[in-house]
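Two complexes, one shared chain (subunit A), two partners (subunit B, subunit C).
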Partner chain A sequence: MPSGRGSLILGLVIVVGALFVLSAVAMAQSGAEKAMSVEYRDIPGLGSRNIIWVIAQQHLLLAGFVLGVPIFAWVCELVGWKTKDPRYDKLAKEFTKLLTSAYATTALFGGILLFLLIGFYPKLMAYLTDIFFPSFIVYCILFLLETATLYLYWYGWDAMQGNKKGFHLVLGFLLNIFAFFIMIVPNAWATFQASPVVIAEGTAIEKAWAATWNPTWWPVNIHRLIANVVLGGFICGAYAGIRYLLAGSREEREHYDWMGYVGNFIGVFGMLPLPFAGYWLMREIYQYNQQMGITLMGGFLAWLFILQAMLIGVLFLGANYYFWMGITHRIPGAEHQYRKPILAMLIVLMVCLGVWMTPHSLVASLEEARKMGGTHHPLLGVFGVMSAKMTVSNLMILVTFMSFIMYWRAGKQETATWARLAKAVMGALLILAGIAVIILGVWGYFVPAIIRINYFSVAQVLIVLFIMLTFTPLTALLMKSAKTTAEMIWGQMPVRAGYCLVSNAVMVILLMSLMGYARSSSRVHWHIYGVMRDTSEYAYSPALGYAAAFMSLNTFVFCLLVAFIFWVATMGDKGKHEPGKPISRSEPVDVPGGMAPAMAGGAPRVHER
Partner chain B sequence: MSEVALLQLIGLIVVGCGIAILLFIRAMFVRVVGFVVIVLGTFSLIALGVPQMPSLPPAIETFDITKVKTPDDLAAIGQKIFFSKGQCALCHSIGPSESARCPDLKGIGAKLTPEFIYESLTQPQAYIYLDFRHNGPPKEYPARMPYINKDPIGLTKQEIYSVIAFLQKMSGAPISIKVEDVLKMGTQEDEVQVAVVSHDR
Partner chain C sequence: MKGPLATAAVILVGMYVVLKFVLPLFTAPLPASLIYLYLALTLSAILIFYTISGESLNAFMGPITRFLTGEGQVGMARTARMLVLILFPLLVGWQTYTRLVPSDQPPVENRTIHPAPPGEFVGLSNPYPKTPENIAVGKGLYAAFCSPCHGANFDGKGPASVGFNPPPANFRDPGTIAQLQESYLFWRIKKGGVGLPVEAMPWRSAMPRWEFELSDEWIWKIIMGEYDGAGQSPRTWEEEE
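After this line comes the complex of A and B, so read on.
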């Protein structure tokens, strides 16, 4: 990367940071003096809220990518360092290259968002500044630390190889620590708006601290952390998918096929615990304010969760389909062996998706409603409640996890003496877990909601987690001594695999946009729930159709923006590498068993043929 | 044409453009763009097919304390303040609640005198309430009571006495706050004695 661009980015970040501090100071003073006479400003025709919606969405999606990528880039680097496999180091560097290019754009959109918020919502911003000013300072310091660490991490990559690799890994670790805090500080501002606590007398720091520790802060922190990894993984997967479709040589196809697999693997790996984090967040919202929970789940936003189910369902199908295509196209001879299990999994996923998407109250004419005996269908209405939806979501997670395990084991023959017993135990556990999840789901209909929420749903989640936490190390142990019966062939995936990776990324972006709308709309006509009312002409929440059109627009703009950023980031590569030689193939290295080959796509080596 | 119909038309055109790109364009990147356009257009069309329910804000209620005629009017204003500007309901519940971050206020208006409630609201650290209803040491609540008459809540004296009237009414006790005394207070911090029927603490 040319150093001129680096200086430009650093300069941009510092300017944005300085402007942020100056603006915050000005806001704090004006807030203290209560000199605000203007509550709102607007740009007629466009609408202040629409503009904020687009800019905030772009900033949040970019921020999610920028904060999610360093996590798995660092893990890849760590795996490469431990296994001494240079592929992981190169992959980690490629991820970080995408991160570095997206970083400045994220900061730019953050700066634009701040100016617009101050301009459009001066009263609200003065109020928030008065409470959170100390955390603004902390945020600026964190931003500077993050920028400096990212520079050292990226520019020092080649210089810090060999015996300096340990220091480079420490830098990567610090980068993630700063990134985590950069995420949770603004989360405090946003979650305070949704679940404010009363601010008692005290110093500025005491007030900021009290407001920060609001009831939904940690659930959102955890949910966003996982979601950022998912977003980063699937976007990297989509990037690899497009590069795969555009690849002109076999080597390029092999490399981007592998990168696409890793991106999808990271996305799926993060996606599995995400519903649990979402469940915890919803639970905290209900505990904080039941009315807010009802607005989300049973009020005007109820249909939003049907759309969410559709998007998650398509994402699960896409992720599984990609695994299945990997089995049938990358592993010769595996197609016949796994055809039946794949068909069974597809049926289970489709049935689960059907149940998850079933609304509690059907859209029906008066005559139809009369025939049904109400808006609840006598049969389908049973599937519209949370007990059914929790059950099928857990089953879908189980199926997806088993797709991954199946992919991991494909093309290999276990040699351990206890392999037969282990597989029998795993099979029995899987069947028992599936039955237990279904029994708890059915039982959930006959107990009070509080019992279901506090015990049954939690038990379902724990059962699925138990399966994942026992099967993963057990499979890793089995694969450690397994012999390869069919070598993995990369670069053979059909064109639809590339489209599948793109579709997965689009689904995740849409999901984040949709749930951002839900979180914002759950405050209904309040800027700060129950504390500061929105008295502007935009105090209403738009209907789902209008909102979805906006989400689609935001997703499209974001995809084009990311494509442009990645195109700029990889422009220099064409000059460095000859066509057909995008990555160097180093000498084969003995790779230990365990999770690393699973992350690499199940094969001991990509280039061992 | 309604907004929904217009958006549906746009969605159909977008999906049509995506299909046309996939049918007639060979450049791979443009084809991927076409695919994304089809996915987004289809999502919008599905979202436009479900019931469309915007959430409209309730009308902003303004109250003029000078128009208060009866103690019940005062309590009605107090109720609105309790659930909005006063932010009381952010922490306090009326009746037992698992998630309450402060003591339950059910029956508090009948149990405590208005002077004591007023002191609790304006000098919250003067007397710390300890909840001994549980076994073992008294329950500690996570939230700290703010000064209600200071920023950021900043209720006026009239508003505070309206809330006290609401607490009394909600507890089934007679409202002892006299309307004329509250009206005399104005919005100034003048010390107007409020006539109250005394209760034992």
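After this line comes the complex of A and C, so read on.
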């Protein structure tokens, strides 16, 4: 893999370069004093803020992909090792191949971002360096460890099969540990800007530690960790979708259909807890600073959350649509059996999405507002507040989870003696959970906000989690002894399934661009909220239309970038069998029951036709 | 007329009729933006449902394809096809024209109702204890200064409210003061409509600037009286003991 090796070397060069620049900034006191006299630099016409906006967003998106993919690549490898199913190992390797090719580009954009930040915002960067210098060193060491581990993990893949697999898995585990810390260290720098903690006394390490452990650090860490898995899953799904559309043989279609399923599965399972993490983050921001909370949730940035609802809604619909198409196309005869449940789930999803997208203050003409008695509609205005939004988001998560359960059970007949009872219990639990979530949502209007936030919203989340955590093992047990009534056929998905996977990835990228802008803009005219004011000519929040254009641009550029990287990464595959080649059709593999077949699309084995 | 396409058309038209004509029989009319949103969601649901399987896709798209290609159409069907192909672009053109033609109507607003308060009002807490006496004083002051617009029942329907567009806030609505901290109300009462920040453009609020008539103590007590009278609680981060 010459491209992968070259990329890694480039990544190392950039890290060493960054280390040199950071050391120079920190040590050359006289140089720093001189730099303090220049507060800002700019490139006329383009604008420093615009350039940083694009580069920072590209770096963050690439970093999200690079840090998210190792998590499920390692899980896939682990599943393959435990189940002795080589498909997982091959899939994990293919995921890692995408990772290695994106890694150097991420480092490249990180380096460019650093140089531009030092150039455009010398005063701010000098201040941040003063606070965070110890963590800069830690970051550089982590980067070296991550690079070295990735190097060994990727290039040692084939060499560490058999009895060396355990060591390879340890490497993958370490890769994820380093990746996690690589994510949370710069998160501290970014969250410090929004919720700074500055102590006057103490050593450099104590100051850095206090600044690191700021009120929004952990909420952002958790939110980003989950979001990275979602981004990675859906991008891998999109990659598989495109490869599926371009597939020239039945084997390729089967393989990339399966890979697309796994990518969607990972994206969906990451997406299920994401709203909870987002809610926690917003709660912490609101509690940290009322002004920032209102700017985000009630002020001029509140419209972004309507766009967010739309994008999340499209994502939920796309993920479910893909599951449903999987049932009707991969499982012969399943269409008529599942038509009604699919319709019911679609209606619930759409009603929930309608509620989620209904703004608190409606867009209305003067005349319309006069007839409504204001911009709050007397009946539908109740949909505009958090109690309604939390309720419908929980219901949408429940429905999506049930789509997956339905897919898992499709084409199989339970044989366990207790299957009837288990299904009745699950049905009853599901109905009760739905009713409980709705009751808590309605009740939330009649209690003080703090009761709703601390108890009702948490209870709604726990109810949904309870359903997921009980249904998953129960279904796994049921499926373990189930007999297959209709064999799952891979490679039969229609063309629109491939586009659906691409659309899901685009929605996630747009979402991350949107919320990245929201988080950054909530600081309004502060570089560091309440500590260092933005005195540049860009000390204003761009209009929402302008911001939306930049989000679209960022999404477009990132898609181009990813397409290019993947194209380069797969150039060497032409004419090769590894690693995209599926298992020979003459080698059916028995896989034990449980979660592994669910991840593999519910197929208990690779069926022969 | 049978089939998925006819069902879809009936659902869409039915949805429009309910939103546009039936719902206003029971409540206020919906703004066009919301009607379009719900119709778009309905259309999306229809498209998703009928494209899940190949069979349903063919059943749904078949008539559309046959209509567009004119396959096997003669007589009345052929004339109807021609009429639709002529009238549909005209309808789109007319819609576009009516949207873009200059008019004396003000543009549709997306006013920010709850802009962020200035820094000096952030984190303030009511310095007066929530005693029955203070609440009673607050309600008395509310009756004198606020109820003409916001109503004796705290529902935004005071005798003067009919003169305002947008109307005064309804404090009983869980989407108004129940979503806010007391310091926010303190800012809004003290500075009024003229104290709204840039992001709240076009500043359409007739709320007086009470800082010259009411002392801070009176304002805090009015806030207490408002919450109590409207049956709401302010947003806090600590639970009341």
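We adopt the following convention: the second predicted complex is superposed on the first by the 562 of 609 C-alpha atoms of A that agree within 3 Å, B and C clash if a C-alpha of one lies under 4 Å from a C-alpha of the other, contacts with A are read in each partner's own complex, and residues count from 1 in each chain.
Keep this in mind: contacts are C-beta pairs under 8 Å (C-beta built on N, C-alpha and C of every residue); 3 or more make two chains touch, one makes a residue touch a chain.
Just so it is clear, the model here is predicted, and its values are computed rather than measured.
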Original post:
Which of the two partners, first being subunit B and second being subunit C, lies in contact with A:Phe300: first, second, both, or neither?
Top reply: both
Original post:
Should A:Glu201 be classified as contacting the first partner (subunit B), the second (subunit C), both, or neither?
Top reply: first
**OP:** Would you sort A:Ser521 into first (subunit B), second (subunit C), both or neither based on which partner it touches?
**Re:** first
Original post:
If you stack the two complexes on chain A, which partner ends up touching A:Gln287: first (subunit B), second (subunit C), both, or neither?
Top reply: both
**OP:** Mind working out whether A:Glu335 is in touch with subunit B, subunit C, both or neither, as first, second, both or neither?
**Re:** second
**OP:** Based on the superposed arrangement, let me know which partner A:Leu346 touches: subunit B (first), subunit C (second), both, or neither?
**Re:** second
**OP:** Report for A:Phe167: first if it touches subunit B alone, second if subunit C alone, otherwise both or neither.
**Re:** neither
**OP:** Considering only touches as defined above, state whether A:Trp418 meets subunit B (first), subunit C (second), both or neither.
**Re:** neither
Original post:
Once the shared chain is lined up, is A:Phe564 touching subunit B (first), subunit C (second), both, or neither of them?
Top reply: neither
Subject >> subunit A residues contacted in one complex by subunit B, in the other by subunit C >> reply: 287, 295, 299-300, 303, 363, 524
Subject >> subunit A contact footprint on subunit B (complex, rising order) >> reply: 3-4, 7, 10-11, 28-29, 32-33, 35-37, 39-41, 43-44, 46-48, 50-58, 60, 83-84, 87, 89-91, 98-99, 101, 124, 143-147, 150, 152-153
Subject >> Touching residues (chain side subunit A, partner subunit C) in the complex >> reply: 287, 289-292, 294-295, 298-300, 302-303, 317, 321, 324-325, 328-329, 335, 342-343, 346-347, 350, 353-354, 357-358, 360-382, 384-385, 387, 445-451, 454, 494, 496, 524
Original post:
Can you name the residues of subunit C that touch subunit A in the complex?
Top reply: 23, 26-34, 37-38, 41-42, 44-45, 48-49, 51-57, 105-106, 108-119, 122-123, 156, 165-167, 169-170, 173-176, 178-179, 181, 183-184, 199, 233-240
**OP:** In the complex, go through subunit A and note every residue touching subunit B.
**Re:** 127, 130-131, 196-201, 210, 242, 245-246, 287-288, 295, 299-300, 303, 306-307, 310-311, 363, 498-499, 502-503, 506, 510, 521, 524-525, 530-531, 533-535, 539-549, 551-552, 555-556, 559-560, 563
